[in-house]
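Please see the structure below; I have some questions.
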Amino acid sequence: MTEVQRNGGNWGRWGKDDERGAANFADAGCIKLASSLVRTGKVYSLAIPLQSENVPVLPPRSAPQHYMRMDGGDYAAGLKRKGGFQTSDDYIALGTHTTTHIDALAHVWYDDRLYNDFSANTVRSNGAKHCGIDKLRHLVGRGVLIDLCAHRNVPHLASGDIIKPEHLEECAKAQGTDIRQGDILLVRTGWMGVFKKDGREAFFKGEPGIGRDAAEWIGNKGVAAVGCDNWGVEVIRSRATFQARCTVG
Amino acid sequence: MTEVQRNGGNWGRWGKDDERGAANFADAGCIKLASSLVRTGKVYSLAIPLQSENVPVLPPRSAPQHYMRMDGGDYAAGLKRKGGFQTSDDYIALGTHTTTHIDALAHVWYDDRLYNDFSANTVRSNGAKHCGIDKLRHLVGRGVLIDLCAHRNVPHLASGDIIKPEHLEECAKAQGTDIRQGDILLVRTGWMGVFKKDGREAFFKGEPGIGRDAAEWIGNKGVAAVGCDNWGVEVIRSRATFQARCTVG
Amino acid sequence: MTEVQRNGGNWGRWGKDDERGAANFADAGCIKLASSLVRTGKVYSLAIPLQSENVPVLPPRSAPQHYMRMDGGDYAAGLKRKGGFQTSDDYIALGTHTTTHIDALAHVWYDDRLYNDFSANTVRSNGAKHCGIDKLRHLVGRGVLIDLCAHRNVPHLASGDIIKPEHLEECAKAQGTDIRQGDILLVRTGWMGVFKKDGREAFFKGEPGIGRDAAEWIGNKGVAAVGCDNWGVEVIRSRATFQARCTVG
Amino acid sequence: MTEVQRNGGNWGRWGKDDERGAANFADAGCIKLASSLVRTGKVYSLAIPLQSENVPVLPPRSAPQHYMRMDGGDYAAGLKRKGGFQTSDDYIALGTHTTTHIDALAHVWYDDRLYNDFSANTVRSNGAKHCGIDKLRHLVGRGVLIDLCAHRNVPHLASGDIIKPEHLEECAKAQGTDIRQGDILLVRTGWMGVFKKDGREAFFKGEPGIGRDAAEWIGNKGVAAVGCDNWGVEVIRSRATFQARCTVG
């Protein structure tokens, strides 16, 4: 067990068989409460388009691929179906981490132990027996946006900028937002703008993000999940340096 | 324009550029209202697992494929990473109609015209320029389950059983449910049970489902979308006979 | 080391770094000799078509998938390119053992040791470091067909029929064929006919094929490779029973 | 019919149903003759490795993908099979033009007419009905290397360099090589070295290659196929400029 796991982790909190981790915080009560807070009904998508080009893909992963099994061109070329009925059909192939996605708890771990002490030996070629994304089942709750870019009046934080607990607290306070147990916390770094402006290499060279202290702070708040507009959630000074990974789980 | 399109379709209703069709019924007001109706916060998944076996796949589509780019076995076999940090990564490849999914408006059409009179010539090998699933953007609303199996006290309707407007009305009435504009209508036929019990061939040989009258009735109700636990939504007596497709769009 | 490996294997024969195994028998001299034997120049394909349907695929592998990235239908639907130049492009996705193929030496092994004592721990999610198909480099030589069906005047051998050394010898003698070191030995069982006639389940329920004695006999002959028209080369009485695998390597 | 087709093409030469084009030149007689010319039996591979990185892939195609369905890591992680028998299995997904490959006659055409006047409307989402690579069946013959780099004593020709008939003739003469009907002509430009040295962008910016005159000259020689170590065979001054395509077919 790492220091982070000892201090801020949730191992055992929902029983030794639990495979959902912090997502459990977003329980029925939280969902009911979150539902009652809807004021306008407007929906905001947080997704990057699922496409082959102009999407950030970290090599050696390949970009999403999309192919048509049947399309309008086939009819234009002479295909006929009874009664004028026509149809198209398609196929996609993608790395699960190549576009907007949720990391399963089986995505990262330390020293052969997954969240809740499951063995990493159970993550084999046929998939994750434990803590796979199928175990998440659902993630619904109150979303809280901490918009650090707006707060600091910058287009994006700088690569290597460590987001600390006090930054999150200040920003939440300035926004008039509280962060509650069961929330889905969205931290805006503006880093996706670097991809759009400067391309893939600049985007993946490093990134601003939460540091270890913020990770523990977030863990202690009991948020159900953290979302971020950078590529790895946590601050990365250079591709070779990783810290403070996945303490929420 | 087919008779159905003339009678019950929504072409032009949201302007000539619209690509969302009936999903527009689930507007912000509906979403806000739907949110206010949440009583317990319990989440029900309607999804079939995303897996290669024991899922209904209509040939010549292939079953979903899942591969690990890196897994726990690699570490067990000797792979080392600094600081004990380990990770798994995966890849999926699937026909978009091989498991639980939402049909885009560009999935089916008559006589070279997509919903809202877009040309089917715009659906080419590089995807659907109009009415693709990307244009749906979101689908949130009040879900209404019409459980015909419970109402009739049968495990499933029979193949070829045509669901008519009066069946939906009676069942809704017996349940004490009303169907409103903007609702997401879920019709339970029990047909998935045939797949589980009798396998793929029996499942795809035909199916119970809504007939043309029910399709128009649903269209006139202004529901945002229809979901079903069979394979093609509408009744299909035999694989070669199709009727009453996609009048909601 | 298994008994077979001790008796008939080639470990160490081409040095401890060798990853080609018996393919080494088909050396330049054999290739030169084989070339000199060509009498008519007629080419016989031994391949099953690469297609999604009507090909034997052992679940849970998926059938080969083929998609067009661009095709004639796109031009029919209105795509224009300068000067009338048009092009099509495609994509395939397939399990490497779903159609006619050559097994790499890294495909099967006993007790964590690949051919030539390489560790099976070197076969990881990123591929086979040793004994992969890339190490074969080439396989050219004199092909010798042992046509047991013609010899026995049957459309196919029966499932579970064990092909023994004496069967190969008799058939070769009757054909007037000798089997030499470096040859590529093709044994015809007719079993593919069962797939064509009775379908996938009958085909994979079992198969006729070489037994352990024939495998050793073949190994001792120094043939470079063995090809067969069944699904697993060796006799398989039922899907659960395997014997005499891969002693040639 | 384009001017090139009129002057140097082979439409009709092997009958109106032919789908093999110039490959027909490499007939049984040529194959028999070619076989008799083998002097050492040494095999030279002309293939680029099939891998995801460090291979030239023209966007938006994706690089070849390779995944293990089962590997040695699974056994290291605890998977057990009876009798110590172990196996690995893999899956590949690739654009057919992303690595060393043979263009089918259905790959390029002018004005809706494939080789031999087949309609491009027959190349649809489900593949090429005519002139697909399956129709090639085989390509065996005498390979002739025209090594322009060795002849000019340069590591590679320059981008935009047009290879003319006289260049091929001079080089063949200097090498003491004749080019015969049915040969497989390999023209070495050295351009792959640019990919290795300067990377993908430099490689795809343009290329040296045969011009229209050489294409006609080659066509008139009756060679069965042309192979080249650049990306598009013909000279390309810039990505937007194409000339002299596919006159051999």
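Going by the order they are written in, the chains are A, B, C and D; count residues from 1 in each one.
Please note the rule applied: a contact is a pair of C-beta atoms (placed from the backbone, for glycine too) under 8 Å apart; a residue touches a chain by one contact, two chains touch by 3 or more.
Keep in mind that what you see is a predicted model, and the values were worked out from it rather than measured.
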item	value
Proportion of interface numbers common to chain A and chain B (over half same, under half different)	same
Chain pair, B-C or A-C, that carries the greater number of C-beta contacts	B-C
Same-interface partner of A-D, chosen from the options C-D, B-D or B-C, over half of the pairs matching	B-C
Between chain A and chain B, centroid-to-centroid distance (C-alpha), Å	26
Whole-Å separation of chain centres (CA-atom averages), chain A against chain C	44
Sequence positions of chain A contacting 2 or more other chains	65, 67-69, 71-78, 91, 93, 120-126
In the complex with chain D, residue positions of chain A that touch it	52-53, 59-60, 62-63, 65, 68-71, 73-74, 77-79, 93, 120-126
Chain B contact footprint on chain A (complex, rising order)	2, 27-33, 35-36, 38-43, 45, 49-50, 61, 66-69, 71-73, 75-76, 83-97, 106-112, 119-128, 134, 137-138, 140, 242, 245
Residue ranges of chain C touching chain A (in the complex, touch as defined)	65, 67-69, 71-78, 91, 93, 125
